[in-house]
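Shared chain: chain A. Partners: chain B in the first complex, chain C in the second.
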Partner chain A sequence: MELFLLNSTIAKTMPLLLAALGGLISERSGVINFALEGMMLMGAFFAVFGAYYTGDPLLGILAAVAAGGAMGLLHAFGSLIMGINQVVSSIALNLLAVGTTGFLLNQIFGVYGVSPSVPSVESFRIGSFSISPFILFAGVLLVLLWMFLYRTRYGLRLRAAGEDSDAALSLGVTVKKIRFCAVVASGCIAGVGGAYISLGETSLFIENMTNGRGYLAIAVLICGRWRPFLVMWFALFFGFATAISEYIHVSFSNIPSQFTLMFPFVLTLLVFAGFFGRTRPPAGLGK
Partner chain B sequence: MRFLSRWISPVAYFLQIVIIGIVVVSLISCLAGLSPLKVMSAYWFSAFMNLNNLAITLNKSALILFAALAAAIPLRGGLFNAGGEGQIYLGGLSAALVGFYLKELPTPLPLIFAVAAGIGMGAAWGCIAGIIKVKRKVHEVVTTIILNYVALYLVDFLVRGPFCAGYEMARTARISESASLPALTIAGGSAILSPGILLAVGLCVLYGWYMKNKPQGYEVRIIGQSRDAATYAGIDYKYYYVRLMVVGGMLAGLGGAVDLTGVHRTFYAGSFSGYGYDGLAAALISKCHPVGLVIASVFIASLRSADRYFQLCTDISPNITLIIEAALVFLVSGKYIVRKLEIGKKSTNERN
Partner chain C sequence: MTQVAITMTSIHKSFDDVVANDGVSIEIKEGEVCAIVGENGAGKTTLMNMLSGSVQPDLGSIKIYGKFCRLKSRADAIKAGIGTVHQHFKLVSSFTVLDNVILGHKLRERGFISYQTATEKVRELIDRFSFQLLFDEPVGSLSASQKQQVEILRFVYHETPILIFDETTSILTPIEKERFFQGIELFRKEGRTVVLISHKISEISELLGIADKMYVMRKGKVVAEYEKADFDLEKISRAVVGDEEIAVYDVPRSIADSRGAPPLRVHMSLKKGQGRVAFSISPGEVFGITGVPGNGEREIVDALFGIKNAYNGRITWKGTDLKGLTTEQIRRLGIAYLPEDRENRASISLFTLAENRILGYHKTDAFTRKKRFDFSKIYEDTRRLLDKYHIVAPDELSKAENLSGGDLQKFLLARELEGSPELLILEQPTRGLDIRAAEEFYEILQRSKEKGLAVILISYDLDEILRISNRIAVLYDYSIIYEVEAEKATGRSIGLYMTRGRF
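Showing the complex of A and B:
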């Protein structure tokens, strides 16, 4: 049971953590990113696409990074250059991702709904634990992101752009350039999160398989108050709670599956409703 | 001259959107290796050119127009109601259940209660999002979409579980005649035309008039343009935020209830899938302009009713509707591509 819970917790945490860290970069630089869902979905699809054509899941992950990055590029271009409201741009990109992945699934694989199976990412074993390369990636990313944000000058500039863009601009920070890079990086990381969903959890793509996890990641980001390690703890909390609900579902089969699926969303609402104090986003977010 | 310029701006805007739509469709059809002309004529035929198809398109337009209003009214006050999807589901299901279980009552009552139940459930769902927005300052897009998933799974459970009445396809029991909206049966066809579209257009006119002429509509517009100015003028924006979300939820719930009592009369699992987001896209494309809302809703509905035909005849996935919507929202909302329609413009992206 412990092993099941541990593996399941990790499996539920990873996509939330990766997407939330992606969202963190973008939102700390001051750009609202609700397009995480779409970025993950594109990542999930192109991971399968890459793995299908090259036969190598690692190249699939690269394709996912590129696809997520392309979505990030669109979001950055839309919200920073075309001046689209950042929320509107996110909504459009989420629609685009669902549409494009469904369309390409039919055009490329000739099927509706579920793609053919592809080689998935192998996890290596230490003792009785199986450790997926994604975990290593997420851990390294977490530490690097923290170091970048709080220990480098570029991180300082990024946070400044997110807190008060006018003040940052007057001190010579190239706010637009920093935000642009941050949003693209955010897309790349969310793309890896998507690749985990399609190549780490399973080995195929199912239409709309992210299933709201992009929004749960935003909830994790809000609860984690836009701070890397707090975000990690909240991702673990949500992952663990989901794993427990799944465990209960597996061991008591009379509970309908819809309740297990609904559980993380209800939990999110409860956390929002019972939150102590108020959330405090970066002051310049969306401005 | 002033009269002319008042009309030219929306018409020019509409023409630009049509051109973008045609370009996007052509690009996608070329990508899929089909002739754009063939695809567009297939679209035109399967959406409009036959009474049966026209009735289906109009029924879908009604639902999308309700969803578009549900998104547009909060949007005028600066709130994004992305929760139309879940609210439509809940509205439809509660209308189906009330319409079935209250069939003993005298004639107009089951219909009234069914529609009221739909409105009430939608309002409750909108209210949760509004309160979390005001009390906890969580962005309403996040809450409403999370509420959507809760509603979807809840409805799915109820339709497949305790209220399941169909075994070949998960659905609820058929509502009684007394709970159905009177609908027109198309001669020689299988489709029925529900009066929902008239109701939706009527509400749309009411919305346009209210926003323009009533003090409360004016206050909503002020909040949408600048919340700080509204606070300075003594307008309690928190109260309006909750109210706007409740009204949005009511309209989406009403849409689900009207569609259910007017068209299907049984709740099929998954039958309302995607309409909430279509409505949001329609509201964003039309910039909440009342006439634009109707046009955008009919357009998206026509894509929806053509997409099955696309799938059968040209083997294009129905998902192209979403791509077209997304491209339109994206291109219409930014600078440079489409000349702006100055309505409900929001100065900044306020988060809190």
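Showing the complex of A and C:
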């Protein structure tokens, strides 16, 4: 049972962590990103699409990065260049992703609901652990992101853009450019999170298979106070909560599944209601 | 021969119909300390904004070190070697001093930050200028003068050769100002070019001591130019205000009517368990409250005017406890308040003057007929006000935002006085006004004081506080730590208390 829980926790953590890290880079630069859900969903679909046509799951992941990046590009274009409210732009993108993936699923594969099976990303095993390459990627990304934010000049400028864009501008920081890049990068990373859902957990695409995990990732980001390592711990915590709820769901079939599967979202609600202490977002977020 | 650092030739700039700069030419040599003085609205800040890249000239050319420059953004100006310390700080308040300094200017630098080298360098600079700063303090918790030091540090760290200080001394206490001028002296020794902007007549004599050259601007033009050899305080002062005589209003210290008990008694603490604010005011008296901004002046007004009730203790007005009363009830008792932010708090800029006239009186029956507003009455009364107080405005239907700062302030003061208050709370009443408007403001106020109006004057302008008040109180950390009769006070002693001896 412990092993099941451990593997399951890691599996549930991965997409949350990747999406939250994506969200982190966007929000630290000052752009609200509620579109993580849509970015992941697009990533999940195009990962399957890429793997289906090339037969190589790694190329599928690349397609997911591109699709997530394209969503990021749309969000950046809408909110930074056209000046749309960042929350509105995010929600529009989430709706766009649901519609587009459903439509393309039907047009490309000629099916409804579930895509055909494709080659998935192979995990390698060490003892009884199965380690997915995604885990390695997330680990490396986490460290690199931290170093970028806190040890490089570009990272400092990105944080300045997120805290006080006016002050940053007056020092000649090209706030818009930095934010644009950050939002696109955010999409790329969230896209990988989506690829994990379709190619890591399973080997096919199911309509709306992200199932609210993009929103959970935002809760993770808030709990993690927009700091990479704290975000990692909260991603693990939420991953664990999801794993437990599924474990209970499987083991105790007399409890209605709606209740058990609700658990992580109730937790999210509590987070938004401020049960985990007040957090301070980047001061310039959304401005 | 020394090189010329800044040359601006026949600069024209207008905003809509307002001409801000009309054929301005200046030339500043490398290593020179140059002062540009003039009243508010003379065009100094616009001119400097062109050097810092935030405004582009309509006509004219700018040369930096002999090279023509088009400064299209702040980044361009920084690249050209110009650093500007603004009236409003451009600091990221959640960052530490160190991060704010590093963030600075060398935008072409990439890659990793060597925090070790940076820390050493910043520490050494803090020492050299004897700044009172810790490199790892978050900037948000610093005082205004410390924030200014961070800004200066930033330019020094990045070896910016030309430094512009836009009205930076106006927020400093006298001793901080001395230190600031010492810093300028150091810049001169290092061969940097310094431009100092000031609108205060009272500061000219200090500037004469430090500057090598002085430009006087008035109404968008350079009206006079002086080299060190022909500095003359009187001549320069006259050039600043122009040929027309300004009656500098002789504000007689009003005589407090101390017969009977003072109507206002305040005895409260603003912070939990600490901080003590106690004072009382008699009719006709001006009680000046000063201090470094953020030491409790806002909270005093909030408590007095019923905006927030977050205090312990008692405030009584003619025997009535004000605690728990709403702002409306307090106004009815004869207390009026003119907030510092005229455009956003004291008036609604998109409303007409007539509409602004009734704000605060909208629940009384003064302007109604059969429970509805009687607009002819409102218009007529607004016209009467414009006339009585010599307010320059096209008519009662012009929007508040179209008035000059001075006229708007006179209008708002008139509005409050028309309600015949017995106590008036003023917050920075002449901030941003030119001398003429400020004098007119004092004159109107004086007439009401003679009739027994008591005034609480909250101001950071020491000249104003010393000139207008009967008594002066200094706030520090939510307490009145010093109270003195105005005749016995000096700017220096008040400044000392403002910072509590901490510089």
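Basically, the second predicted complex is superposed on the first by the 281 of 287 C-alpha atoms of A that agree within 3 Å, B and C clash if a C-alpha of one lies under 4 Å from a C-alpha of the other, contacts with A are read in each partner's own complex, and residues count from 1 in each chain.
The working rule: contacts are C-beta pairs under 8 Å (C-beta built on N, C-alpha and C of every residue); 3 or more make two chains touch, one makes a residue touch a chain.
Fair warning: this is a prediction, and the values are worked out from it, not measured in the lab.
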* Asked: Looking at the combined model built on chain A, do chain B and chain C fit side by side or clash?
  -> fit
* Between chain B (first) and chain C (second), which does A:Asp164 come into contact with in this model arrangement: first, second, both, or neither? -> second
* Would you sort A:Thr152 into first (chain B), second (chain C), both or neither based on which partner it touches? => second
* Could you tell me if A:Val173 is touching chain B, chain C, both of them or neither one (first, second, both, neither)? => second
* **Which superposed partner A:Ala241 touches (first chain B, second chain C, both, neither)** => neither
* Asked: More chain A residues touched by chain B or by chain C?
  -> B
* **chain A-centred angle between chain C and chain B, computed on Cα centres after superposition, in steps of 10 °** => 80
* Please work out how little space separates the C-alpha atoms of chain B and chain C at their nearest point after superposition, in whole Å. => 6
* Mind sorting out which residues of chain A both chain B and chain C touch, each in its own complex? => none
* To do: Flag every residue of chain A that touches chain C in the complex, lowest number first.
  => 147, 151-154, 156-157, 159-160, 163-164, 166-174, 283
* To do: Spell out the residues on chain C that touch chain A in their complex, using ranges where they run on.
  => 52, 54, 73-79, 86, 89-95, 99, 102-105, 107, 109-113, 115
* For chain B, which residues are in contact with chain A within the complex? -> 28, 31-32, 80, 82, 128, 132, 136-139, 141-143, 145-147, 149-150, 153-154, 156-157, 160-161, 277, 280-281, 284, 315-327, 329-330, 333-337, 346, 348-352
* To do: Mind listing the chain A positions that touch chain B in their complex?
  => 32, 34, 74, 78, 82-93, 95-96, 98-103, 105-107, 112, 211-212, 215-216, 218-219, 222, 256, 258-259, 261-262, 265-266, 268-269, 272-273, 275, 278-279, 281, 285-287
